[in-house]
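Just so it is clear, A, B, C and D label the chains in written order, and each chain counts residues from 1 on its own.
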């Protein structure tokens, strides 16, 4: 029985961790950390848990929690974990961080994009970027996992095979992403009120969104040289889901326009044919967020446009599952010796 | 291993049966019946099943299916099962009917409200109304279960304890219900297009909705005398969920206004305290459909209005789960000797 | 040219006043009062006005505004106007109050339901309840108009003819209402975030909603004796619109069940046949909020249920127009000698 | 008084024409053409018009209509007008076609993308592409106006100034567009049902959408040489609105990265400073569809990304107004000598 504590359990990602972990009999939730609801029944905040989760919220004391848990999830704002992490904590419990604090290896880049001082850069070296489809071998032995961002996960998985195999020009990548509103968190802001979001679509963080350096870091690692991208996220009037539509010029190493639809599909199959959670859709079927809703799946596909010599790469994912809590549990499974898909094999719920 | 076939597998209720049954290792789905998609991969219609359900759709031949399955779900339009059922079928397989064909015991009432001739009234006698919280003892031995309608399930469970215990006047019951759009089915009708439903609310079937006689039949059985109700359903711009708000005058047997909030809550606890799927909410918390989304729970509560001498009884439910597929599986579990909540213990997914 | 000032111009009702008044050439908007956005361009808050409204927000100084405006709209929280109104203000400008401060004639009732001390009850006597279809003759001469609440407007207009003509039992009235989220205002509350409201329906303020005494006051005036009602509002995942479904027993004065569908329709036609903004729908067509969206129309209809001896009365309205800003302008038109429908004859925008 | 007839009056664009034209006193609607609803009251289909539009639907006889109307709008499927247009019709009435039949000047291109034979190519030469911001001088004298497509209008207006002034590389243009569901029409298709569209986002027509050649034709005219683009539309769970996010490399003629944010804004101001319907937003404010909802405005803006040397150009528009009916009326106003913005100066309705 693995004892699990969650700091930030009352945000949407925290609640999703609870939804996915509470039914398991090999995991025991021992700490529902919250800053705003200390002492209140967890199920009084998310009433879907009524009758199923009986504990009260506790504070966000990482030190104390480390003594009670084997695994700690931090679903907290940027800066929380980097400000609180110690060797003592890591010596007692494994930490899976859903914030960005340990994703960006370059401290200056982190501090510039996040406008925060990084208080504990000494742990950046050992932190494993927890995207199992890319870094699976490194995860079981990790003490500290940086759970990838939602946009970076979906963007990376859509682009990775074609970039790795040299089918696209690394300098030509443009990422246009669309996200549901859970991605904006549960903070009481006018901008996220129903009436401000409904019947609307807008871009935000144009040319400045903080997931850009994370995307670039990972694509650069794959390309073996610096990659810069345009990344434009949009807010969509729905709760869950991210759709990434990425564009690149075909033929990084082999000449523009050389590659066909079949070449592209073959590369996706090569990389994802054995991945349980990444589904390469048939033909040119476009991914849709409804078909992954509530699940840990990422659906990907690509269409070659011979007219323009570009390829359109698409990925759809539930931002709270594969983009946050689900992937974090996938990492936990690997770290704790469980089957990787344990508790994550639910079928999507959307129509 | 129980072999299960579904006729009407490509409607929303059928798809929900697949979603809930496909992950089970004690059940094998052997038949995905459809009228419109014969021969096509089931996962090409509901792409959420891609990689998880590999079978093609077959036709809706009940006779043939009965030879291959232990349990048959018919998620079909009214009139299908009553037109196709035979002793031969029932001798080979248990049938759980999600249509209204065997819910209404009085043939004339059925034929009047549904405007259909009932072709096999000889099976009405043995058909068990499959609302486990009411008829649990009768279900394990049944060959034919009439799975209750969505509105009747939620309405009944909200009203049942107070009516049974005589706290409300049976002649005063008014039911105002609100449903998501999955309740209208997957037929291609202009009225159910996104742009016709979104940003709108309307009543429909005012004073004529076909779930009225089913509600009245069950309430009459409880009251021990004929009960007539007003039932007004409304269409809400959401996918899943039914909310019932029911009104009645307090004091059927004991005088108007006699009963307090505590009396009312005590009666609910008496009836539902041990029911896994019916949750009596704390205090006067109103049920909300989001807190049951995707689950088999029904959340109920009631508020006494001393000013008017009435009680407002409320119930919230996922119309596709406890209102259709989930309850049908609850019945299957009872009929096949599984634990009643098997495969139905998922936590609600809404926020 | 009538000079108009708005206190509370940055709430949804305030913005709707601006939307409807800005295009008029007989009205000049001279004051965009706000507590939160003083000094900021009005069009930086509601960017739909960009290029059309050039003024900055000013404070909420009623005294100062009274010197600059002929008509003042107060779209403010309860207690604001009753705490600030003076004879000096009323001697300089006509005031149309969109809050509840001067709707309830009985101070004790106001103070009990609103949990506020009423600071200026001396103006309650002269305040005219500004529902033109009921009180039209009193409006032109008023200095102070209490603009009706959204739920009370729609509820009253749905019930009024049948109650007035004695077709229904005043003791049997039950009002089940459904509202879009603009009704909850633009305050930054978790409960009104997109993800909390979307894919959900719930009752709120059950047996305690503050519009109850306003509804009862007006129905009592019509009935000529005290009327008590059940009023249950629900929150619907849409932006605009209120739908009222009201139930009453037929036959207050003439015996249960005496009245037919034709009797009922005839009474509606008698009262509303010449009303521009109240549309009695044909046959038993149920009102739908989409068909009044953005307009000042109220659509009403009723269905007699001979089985139960009750009538179901329905009304649909845009809560921000006929339920707030539109009705306020209708009152202004009457007070200023404009044609009553001036600037309010837009056609609904919904599908 | 201009007599106006509409063929295809019962589609969403047709209804929007009626909404915008019915209140005008200088226009008389004489023909509500429909294929499906002949003989039925127009207001029985779109009940928002109840009490305001009293006419019945008539058939789609263009010949007969030409004898009764001064202006004909054809809001019909592709192929209708090209199959029915005659010199006789054009000699009697001006025709504004909301379909694609006369937008594409090259017959082969039209026939390839639309998979239709063009029956009346002899009128292509005189047909004026009715985008007033581009072709204003040609519109007043036209007998036949090809009203631009929704995506092309928004895409073109977002890109036009920068392309015309040579700030961007014509070979680098990528257009990622997002549309509400009214763009898919009112046909009864499963894919457009509420439950299929809600809580979902998807790309469609990837690399094959029929608005691509129209976009390319117009951009090529501006660039003075062939321009090929990637165009990817997405379906968003909302009713109205198109958002275009377009990407291009800065420095077509002047070297990569030369241009600044100020340069870009200056060019927009140069082209749109005097355009009533095109609003260049302040700073880097991103356009949002809610701020143009129901209006004829197009909001545009652009952000220079110095890191990548690209510019992100954005436009937001109501697809039914500036993208269809509003622009058609703008054209009618120019053709009939009305003020160009007559009847189109409503303020957006969204929050």
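FYI, contacts are C-beta pairs under 8 Å (C-beta built on N, C-alpha and C of every residue); 3 or more make two chains touch, one makes a residue touch a chain.
Keep in mind that what you see is a predicted model, and the values were worked out from it rather than measured.
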| item | value |
| --- | --- |
| Selected from A-B, B-C or C-D, interface repeating A-D by over half of its contact pairs | B-C |
| Winner on C-beta contact pairs when B-D is weighed against B-C | B-C |
| Mean-CA-position distance for chain C and chain B (Å) | 38 |
| Centre-of-Cα separation between chain D and chain B, whole angstrom | 46 |
| Shared-contact residues (touching 2 or more other chains) in chain C | 12, 182, 186, 195-196, 198-199, 237-239, 288, 290, 293, 350-351 |
| Of all residues in chain B, those that touch chain A in their complex | 12, 15, 18-19, 22-23, 44, 46-52, 182, 186, 199, 239, 279, 281-282, 285, 288, 290-295, 297, 299, 345-351 |
| Chain B contact footprint on chain C (complex, rising order) | 174, 176, 178, 180, 195-196, 198-204, 206-207, 228-230, 232, 234, 236-241, 243, 245, 247, 284, 286-290, 293, 303-305, 307-308, 310, 312, 314, 316, 350-351 |
| Contact set on chain B toward chain D in their complex | 12, 181-182, 186, 188-190, 192-199, 237-239 |
